[in-house]
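Per-chain residue numbering starts at 1, and chain names A, B, C, D and E are given in the order in which the chains are listed.
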Amino acid sequence: MMQILAIDPLLTGELLWTPLLIVLLKVVVVFVVGLLATMLMVWFERKVIAGMQNRIGPNKAGPFGILQTLADGIKLFFKEDLIPERSDRFVFKLAPYLAFVPAFLTFAIIPLGGDFRGGNDGLVTWFGHQTRVQLADPPIGILFALAISSIAIYGIMLAGWSSGSKYPLLGSVRASAQMVSYEAALGLSVAAVVLVTGTLSTSGIVARQSTLGNWNVIVTGIIPFFIFMVAATAELNRPPFDLVEAEQELVGGFNTEYASLRFALFYLAEFMNTVTMSALIVTLFFGGPQPISVGSTTIDIPIIGNALEGTVWLLLKVLVFLYIYVWFRATLPRFRYDQLMNLGWKVLIPASLGWFILLAAQRVGQSAGWDRYVVTIATALVLLVSYSLLMLAQRTSTNERKRDGVMF
Amino acid sequence: MNLAVIEPTTSWYLVLAAVLFGIGTVGVMVRRNPLVMFMCIELMLNAVNLSFVALSASLSDINGQTAVFFVLVVAAAEVVVGLGIIVSIMRRRSDATADDLSVLKG
Amino acid sequence: MNALFAENLVGPSISWMGISPLLVLLGGVCVLLLLGSIAPRWPKGSYCVFTVAVSLATAVAAMLQWRDVTKNGPKMLIADAVALDHFALLATIAIAISIALVSLITDDYLRREDYDGPEVYALYLTAAIGGVVMASSNDLIVLFLGLETLSLSLYLLAASHRKRAESQEAGLKYFVLGGFSSAFFLYGIALTYGSTGSTNLSKIASALSGDSPFSQIDAMLLVGIGLMLVGLAFKVSAVPFHVWTPDVYEGAPSPVTAFMASAGKIASFAALLRVLVVAFPTRIDDWRPAIWVLAVLTLLAGSILAVVQTNVKRMLAFSSISHAGFLLVGVEAAGHVGDKDALAAVLTYLLLYAVLVIGSFAVVTVVAGKGDSHTTLDDFRGLGKRRPAMALALTVFLLAQAGMPATSGFIAKFGVIKAAAEVQSYSIAIIAMLAAVIAAFLYLRIMVSVWLADSTDDTKLAIPTGAGIAITLAAIFTIVVGVYPGWLLDATRMVSNLATIAIQAVDPATQTPAG
Amino acid sequence: MHEHLSFPILSAIVFLPIIGALLVTLLSDRRPEWVKLCAILFSVGTGALSLWVLASFKSSSADFQFVSQHDWIKAWGISWHLGVDGISLFLVVLTGVLFPLVILGIDPHHDQKRYFAWLLLLEAGVMGSFLSLDLVLFFLFFEIVLVPMYFLIGGWGYDKRVYAATKFFLFTMFGSAFMLVGIVATAALARHDVGYLTFDLVTLAEHASFATNTGRWLFFSFAIAFAVKVPLFPFHTWLPDAHTQAPTGGSVILAGVMLKLGTYGFLRFGLYLFPEAAVWARPLFLTLATIGIVYGAIAATMQTDLKRLVAYSSVAHLGFIVLGIFAMTSQAITGSVAQMINHGVSTGALFLLVGMIYERRHTREIAQLRGIQKVAPIFAAAFTVVMLSSIGVPGLNGFVGEFLVLIGSFQTARWWTIIATTGVILAALYLLWAYQRVFHGEPDEDNSTFAELKLREGMVLMVFIGIIGFTGLYPKPMLERIEPSVDKLIEHVVSHSDFMPPAEIMPPAEMELEK
Amino acid sequence: MELFVFVCAAAMVLVGAIGVITRNNPVHAALSLVLTLFGIAVLFVANNAHFLAAVQVIVYAGAIVVLFLFVIMLLGVDRAEDLSTEPLTAQRPLALVVGIGVAGVIIAAIVKSQDALLVRGTGINSATLEDADANIRQLSRSIFSDYVFAFEVTSVLLLIAVVGTVVMSRRQRGQHVEESA
C-alpha cells in the first residue's frame, strides 16, 4: 500500500499535515472541477445543439442560460422518489451510485496540469512540496482507467435489471453488450499507446508527448486514435451509438423507471463520463497538459505560470473533443444494433489488433535492426492475408445463414 | 495507537485466503444453481490468487504474481466455456438447478 | 528510446524441434478451424481423415524426437518448463493414437446424429495439446494450464451433443466438478510454491533435497501436496473423487467418452506421475500412503459398484475407475525411488487401456444407434448373433480389460503387478488382482448379454466404415500386443527415471541458493 | 541329444489346435461336415503328436525332454519354455486322446462351428499348461483355458448354465489372482539369487532360495489358485455346478484334464519351487484333502442327480491325488500322477455315459431312471466297467493309482490315510447304489425305450475301456516313466527342506504282502 | 495503515464471500462476488501487485461477473433460489464440515509454518519515483522468460473458449429447439 502512494512525491517522506492537506485539497478540487465541468457540459451541449439546429437553447437561468443545469438539478432533487413495486429495491437504489462513482474515479488519474516542459515530468511545487497536478498517479494508471470503465457497466446493467420491467432490462442488456464489445477495441488501441510510450502511468504517457511530433496520435499512426474515439463514443452510449436510450424502441432505456435524484445521478454520470473520456483521449493521444510545440518552438500562453498553463491547455483540448461529441450528436443518425455490433467486432477489433501487430512488428524490427520497409511490408502482407481470410469466413457464414434461414 | 504498530504478516493473508477457499468449497456443495456454484468456484480461485500474491510478497519472488496472471486467464476461459454450457442447457429449460439435472441419476 | 525497451529482454531459447508434436497439433487445429470456417461443406469424412492425419503426424514427430532423445538423452526446454524425455514422448504417442482411433469412430457418429462441422475434431486436437503439455510439463503452472486445456475441451466435448439432455447435463456436471477440482489443484500449487519458492518441478525437487532449510515449512508443503493430489485424483477419477465419472461417461457422446477414458486418462496419470515423481521424490513417505489408500478405495469401489450397473456405458465407466485403481498401484510403485520400471508400466498400461477402451466404446457407439440411446445391457443381447465379428471384437476387449492372458490387458496388468511386486507392495497387488476378479464379473455380464442371451431385435446392425476400422485395428492391436509384446516393452523400457533427469537438468547456475 | 529337437514337437502340440480353431472359425457355417472334419483332423493330429511324444519319450530319464526354449518377452525375462517329463507326459497324452474322443463322440446341438473352435482352443490351453516350464507362460495357459470353458458351459450347457459358467470363471480367476502376484513376487525376489529377472521354472527352482516366511507366503499364493482348480474342500463349490450345467463334452474335459491342472500345479510349481513351504504346509493340505475325500463321498451319496453324483465323486478322487502329493513319498506321488490319468479316463467316461443317458432320457434324476440294464445291456456293461474303474477295483486302472497313493501316504501321513481309506469304501457305496437304482429293476414306460449303445458311441467308449483295462492290468510302462521324475522331485524337496522321507522305500510287491 | 487496509479489505472479502453463498438471488450473489473481488484487488495492492490488482478488476469484475450477470438476465434465471428447503438433508452439514475441514487443515498448516516462510528469489521491485513501472517490467520479464511456454499455452486455452462458444451456441442445421416444460 505504501509503495503505491510513494509514487507521489508528496508522500515519500513521513506523513505530515501539509501533504495530507494538499491531498485533501486535490480531492476536493477534482470533485468540484468534475461536477462543474459536467454542469457546464450539459449546458454546452444543449446550447451548441440548439445553435446547430437554429434554436436558441437555454437562455433563462443565468447569463446565456448557464445555470439551467443547476435549475434542472434542483428540480429533480425535490421531485418525489419513486421505486417501482416489482423492482429489486436494494439493487435499484444501488445502481445509480454504481453508475456515478466510476465516472468520477477515472478523473483521479488524469493529469490536470503541471509542468511537463523541457523534460520536466510534470512535478510542481505547492507549499514547499513537490507534487503532481493529478489526484493520484499509480504505476498502472491507464489500466485503472480501463478497469473503471469496465466497472461502469454495472450501474447501467443493474439499473435496467432491478427495475423489474422489460424495457429497461432490454435497454441495459443492450448497453452492457455494447460496452463489453467495444471495450476490446478500446483496450487494444490503448495498448498501442502503451506500446509506443512504454509506460502505463498516465503522467508518464503525457511526459513522452513533449512535442507535436511526439504526440501519440501521430506516433501511433492515427488509427488507434480513431478507433479509440469511436469505441469511446460507443462506450459512453452517446450518439450515434445511443441505442440504450433508443426512445422509439425502448421508451427511455435502462433508466426509464428512475425519477428524481436517482435519475439525476445517471444523467450526471453520463455527462461526467463524456468529460472524462475526452480528458482521457487528450491524455493518451494529444499530450494532455502539454502545450503545442513544434520542434523547439513552443506556443506559450503569456502571463500564466507554467504549471497552470498546463491546465489551460488541457481544458482547451478537452473542449475540442467535447465539441466533437456534441457535433456527433447533432449530426449523426443512430446506428442499428446489428450495425453497431458489426462495426465493433468486424471492423474495429480486427483493425485495432492488426494495427497493434504492425506497431509491434516495427518495434521488434527496430530493436533487431531489420529493414523497416521489409518489416512493414511483410507485416502488412500477413495482415492482409488474415483479413481476407476473415472476410472469406464471414462471407461463407453469411451464405450458410441465408441457406439455413437463421439469424445467427 | 498500539494498533498502528501491528503489521499484517503474510500468514494473515494466507489465513484469509484459506477461509475464503473454505467458504467457496461450502458454496459449491450447498448451492444448487449452477451459476452460483460457478461463482463459488471463482471464490476459490480468488483465494488461490490471494495466496499466490501473498506468498510472492513473502518469498520476494515475482513468479507468484505471474502465476496469478495465468490463473486469471484460466478463469476467464473457464467462465466462457462454463457459461456456454449453461446457456445451452438453460435454453431448453429456463429454470434448471443442479437438482433438476436428474436425467443422470447419482 | 524508452524504459521498457531500454534493457533488452533475452527470452529463453525455444527448441522448435523439441515441441514439434505440439506444433503439429496446434497447426492442425488452426488449419482445421480455418478451412472449416471458409469452406463449411467438406466432402464426407474428410474432417476425420484430416484429424487422423494430424494425429499420425504428431505421433511421427514424437517418434522422431524419441530417436533424438535416445541418442542425445533427455533435456529440458524453454526455461526448464518443458521436459523432452521418453516419458513425455510415449504419452504423446499414446494420446496421438487415441485421437486417431477416436476420430475414426466420431466420423460416423456425427453423421448419424446430424451434426457436422469441425469443432468436435478441433476440440479433440486441443484436448490432445493439453494432454501433451501435461505429460511433458516440468512446471506446475504449465501443467495446470495443460490440465485446463484438456479439461475445458473435455467439458465442451461432453456437452457437445446438443439434442440430448444427458449430454449437456454431463457437460455441466463435469464442468462444475472439474472446476472445483482445478481449484484444489491450484491451491496445492500455491502452497507448494509458498513452501519451496518455485513452481518448477525440478527446482522444487532440488529445493526439497539435501540440506535445504525448507523442511521447516513441511506442514504447508504437505497440505499443498495433498491438495494437488485431490485435484489430480478428481481428474483420474480415483475414489472418493470419482462421483462425476459414471454420469459423465454415460451422458457424454460415446466417442467422447472413449476419448475421455483414453487420452484424458493418459494425460492425467502422466501429470500425476510427473508431479509426484519429479517434484517430491524426497517426500515419498508422505504421499505413498495416500496413493495407497486411493488405489485400494478406487480398486474396490470401482469394481464393486460396476457390478450392479445395467447400462453398459456406466459399467465401462466404473470399470475405468477400477482401471484407474490399477494405475494407481503402478503410481504407488513408482513412488519407490522413482522406479523407472513402474513408470514404464503405468505408461504401457495407459497406452494399452486406451486402445481397449476406445475399441469397447466404438462397439458401444455402433450398438447405441441414433440418439446414442441404446446402451443398456439389454440392447446388447444377441449381438453375437447379429454381428458375430463385432461381438468377437468386443469380447476380446472385455477379456483384455479383465486381464486375460494373450491379450494386451494382461501385459498391462502384469507390468503394474510386477512393478508393485518389485517394490514389495504385495498387499496392494493382491487387492488389485482381487478387484480385477470382481470386475471380471462385470465383463462376463456383458459377454453373457452378447453371446448367451437371445436377441430381442434381429435387425442387422450396420457397422460404419470408420468404426469398423477402429474396432478392427484395436482388436488386432490387443491380440498382437498380448501375444507378442516384446517390441512394446523394449520401447517403453527406455522411459527413464524422471526424477534424476529432472534434477540433473536444472542448470546449477540458475538455481537460486537455498535460503 | 534329441534328434527331435529339430522339430519343435511340443510347440506344435500347442499351436496345432490353435490353428485348427482359427480354421474352424473361418470355415463357412453352411458346410457343417467340413467344420467337423477340420476339428477332427486337428484334434487327432494333436493326439497323434502327443502319442509320438509318448513313443519317443526316454523312460529312464527324469529330465525335461523335447525342450523348446525361446525368448518371448525378453524385457521381463519371460520365455517360451516347453518341456515334458514323467509327471506331465501322461497328462499330455491324456489330453491328446481325450479331445478327439470328445469331438468324435459328442455332437453339439447348435452352433457347431463355435463349439469346435472353443474346444480346440481349450485343448491348446490345456496342453500349454501341462507343457509350460515358465511361470508366466503357465499362467497364461492356465488362465486362458477359462475362456473357452466359460463359453462352452455358458453356450451349450443346461438351464442354469450362465450361473454355473460365471461361478466357474470367477472362482478360478479368484485363485489365479493370488497366483499372478505370487509369480511376479517369486521372480522379483529371486532376482537377487539368480542375478537377473526370469520366470523360468527350472532356473528359479534350482537357484532361488527364499526366506522361510517369504517362501510360505509365495507358496500359498500359488496354492490358492491350485486349490480352487483342484478343487480342494472349501473351494469346491463351483465344481458340482459347473459339471452339472456343462454340456457332456465340457464335463468330460473338465473332469478329464482341467481339474488336473490344479494337482499338476501343486506338483510342478508348489513342491518344486517352494519345497520348504510345501513341507511345512503338509498337515493343512493333507487335512483338506482328507476332508475332501470324505465330504465328497458323503455328498455324492446324497445326490439325486446322476451327474452331480459323479461330480462329487471327482471331489473325492481329487482328494486322493492331493493326499498323495502331500504325502511326499515316491509311491504316493507316483500314485497321484497315475491317479490323475486314471481319474481322467474313468470319470471322463462316466460323464460321457451320463451324457448319453441324458441324451436318451432328457433327465439325470436317478429317481426317474430304472432298469436300463434290461433294455440296454451293452450300455450297462460299459457303465459297469467304467464305474468299477472309478471305484478302484483291482485289475482296473483306478486301483493302481489309488492303491499306490494309500500305500505311499501311509508311511508319512498315517492317520489321514486311514480316514481317507473310508473314502474308498464310500465310493463303492455311492457308485454301486447309484448303479443299482439306475440299471436294475424293471424299466418303466419311459425307460423301456432306452436306446442301446450306438456304434459310434461304442467305438469311443471302447477306447476308454481299453485304456482302463490296459493300465489296470499292466501299469508298469506308465509307472516306470513317471517314477524317475517323481524321485527327482522328491530329492529336490528333501534337499531343500528338513523333510525326511521314510528311510527305505519298499517295492510295491512287498508292501502288498504286508498289507 | 496497513492493518487498517487489511481489515477493511478482509471484511469486504468475507462479507462478499458469505453473500455469494447465502444470497438467494443470483444477481445479489454476483454483486457479493464483486465485493469480494474488490477486496482481493485491494489486498493485491497491499502486497505490491498493482498490475494484478488492475487486471483482477478488469478481468474479473469487468468481464467475468458481467458475463455472469448477462447470462442471468438473458436467461431470466434470476428467480430467487429457495434455500430453505434442502433436497438432500445431509448435504448442508456435510458441506459445512468439509469446508471447515479444508479451511481448518490449511490454516493449521499455515500457522504451523508461518515463521519459516523464507525469502527466496530475486526480490520484487516495487514502484518508485524513478521507475514507476518496475513491478510491471519485472512481471513481464517473468512471463516472457520463465513462463513463456505457459504464456503460449494460454493461447490454446483461449482458442478453446472461442471454439467452445461456437459449439455451444451455434444452431445446428435442421435443429428444432424443443420446447419443454
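By definition in this document, contacts are C-beta pairs under 8 Å (C-beta built on N, C-alpha and C of every residue); 3 or more make two chains touch, one makes a residue touch a chain.
Since we're looking at a predicted model, the values are computed, not measured.
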{"item": "Contact network partition after chain E is left out of the picture", "value": "one piece"}
{"item": "Per Cα centroids, the chain farthest from chain B", "value": "D"}
{"item": "Chain located farthest away, centre of chain E as origin (C-alpha)", "value": "D"}
{"item": "Pair of chains joined by more contacts [C-beta pairs], B-E or A-C", "value": "B-E"}
{"item": "Intercentroid distance (Cα basis), chain E paired with chain B, Å", "value": "5"}
{"item": "Distance from chain E to chain D - Cα centre to Cα centre, in angstrom", "value": "69"}
{"item": "Between chain C and chain D, centroid-to-centroid distance (C-alpha), Å", "value": "44"}
{"item": "Chain B and chain D: spacing of chain centres that average the CA atoms, whole Å", "value": "65"}
{"item": "Of all residues in chain B, the ones touching two or more other chains", "value": "14, 21, 24-25, 38, 55, 58-59, 61, 63, 66, 70, 74, 77, 81, 84-86, 88, 92"}
{"item": "Shared-contact residues (touching 2 or more other chains) in chain E", "value": "1-2, 46, 48, 51, 55, 63, 74, 106, 110, 117-118, 120-122, 133, 141, 146-147, 150, 154, 157, 160-161, 164, 167-168, 173, 178"}
{"item": "Chain pairs in mutual contact under the definition given at the outset", "value": "A-C, A-E, B-C, B-E, C-D, C-E"}
{"item": "Residue numbers on chain C that touch chain A, as the complex places them", "value": "1-5, 8, 34, 37-40"}
{"item": "Residue ranges of chain E in contact with chain A within the complex", "value": "1-2, 5, 25, 27-28, 31, 34, 45-46, 48, 50-51, 53-55, 57-58, 61-63, 66, 69-70, 73-74, 78, 126-129, 132-136, 171, 173"}
{"item": "Interfacial residue positions of chain B with respect to chain C in the complex", "value": "14, 21, 24-25, 28, 34, 37-38, 41, 44-45, 47-48, 51-52, 55, 58-59, 61, 63-64, 66-67, 70-71, 74, 77-78, 81-82, 84-86, 88-89, 92, 98, 101, 103-106"}
{"item": "Parts of chain B lying in touch with chain E, wherever the complex brings them together", "value": "3-4, 6-16, 18-27, 29-33, 35-36, 38-40, 42-43, 46, 49-50, 53-63, 65-66, 68-70, 72-77, 79-81, 83-88, 90-95, 97, 99"}
{"item": "Complex contacts: residues of chain C adjacent to chain E", "value": "3-4, 9-12, 14, 26, 29, 33, 77-79, 81-82, 114-117, 119-120, 122-123, 126, 129-130, 133, 139, 141-142, 145-146, 148-149, 152-153, 155-156, 159-160, 162-163, 187, 191, 194-195, 197, 200, 213-214, 216-223, 226-227, 512, 514-515"}
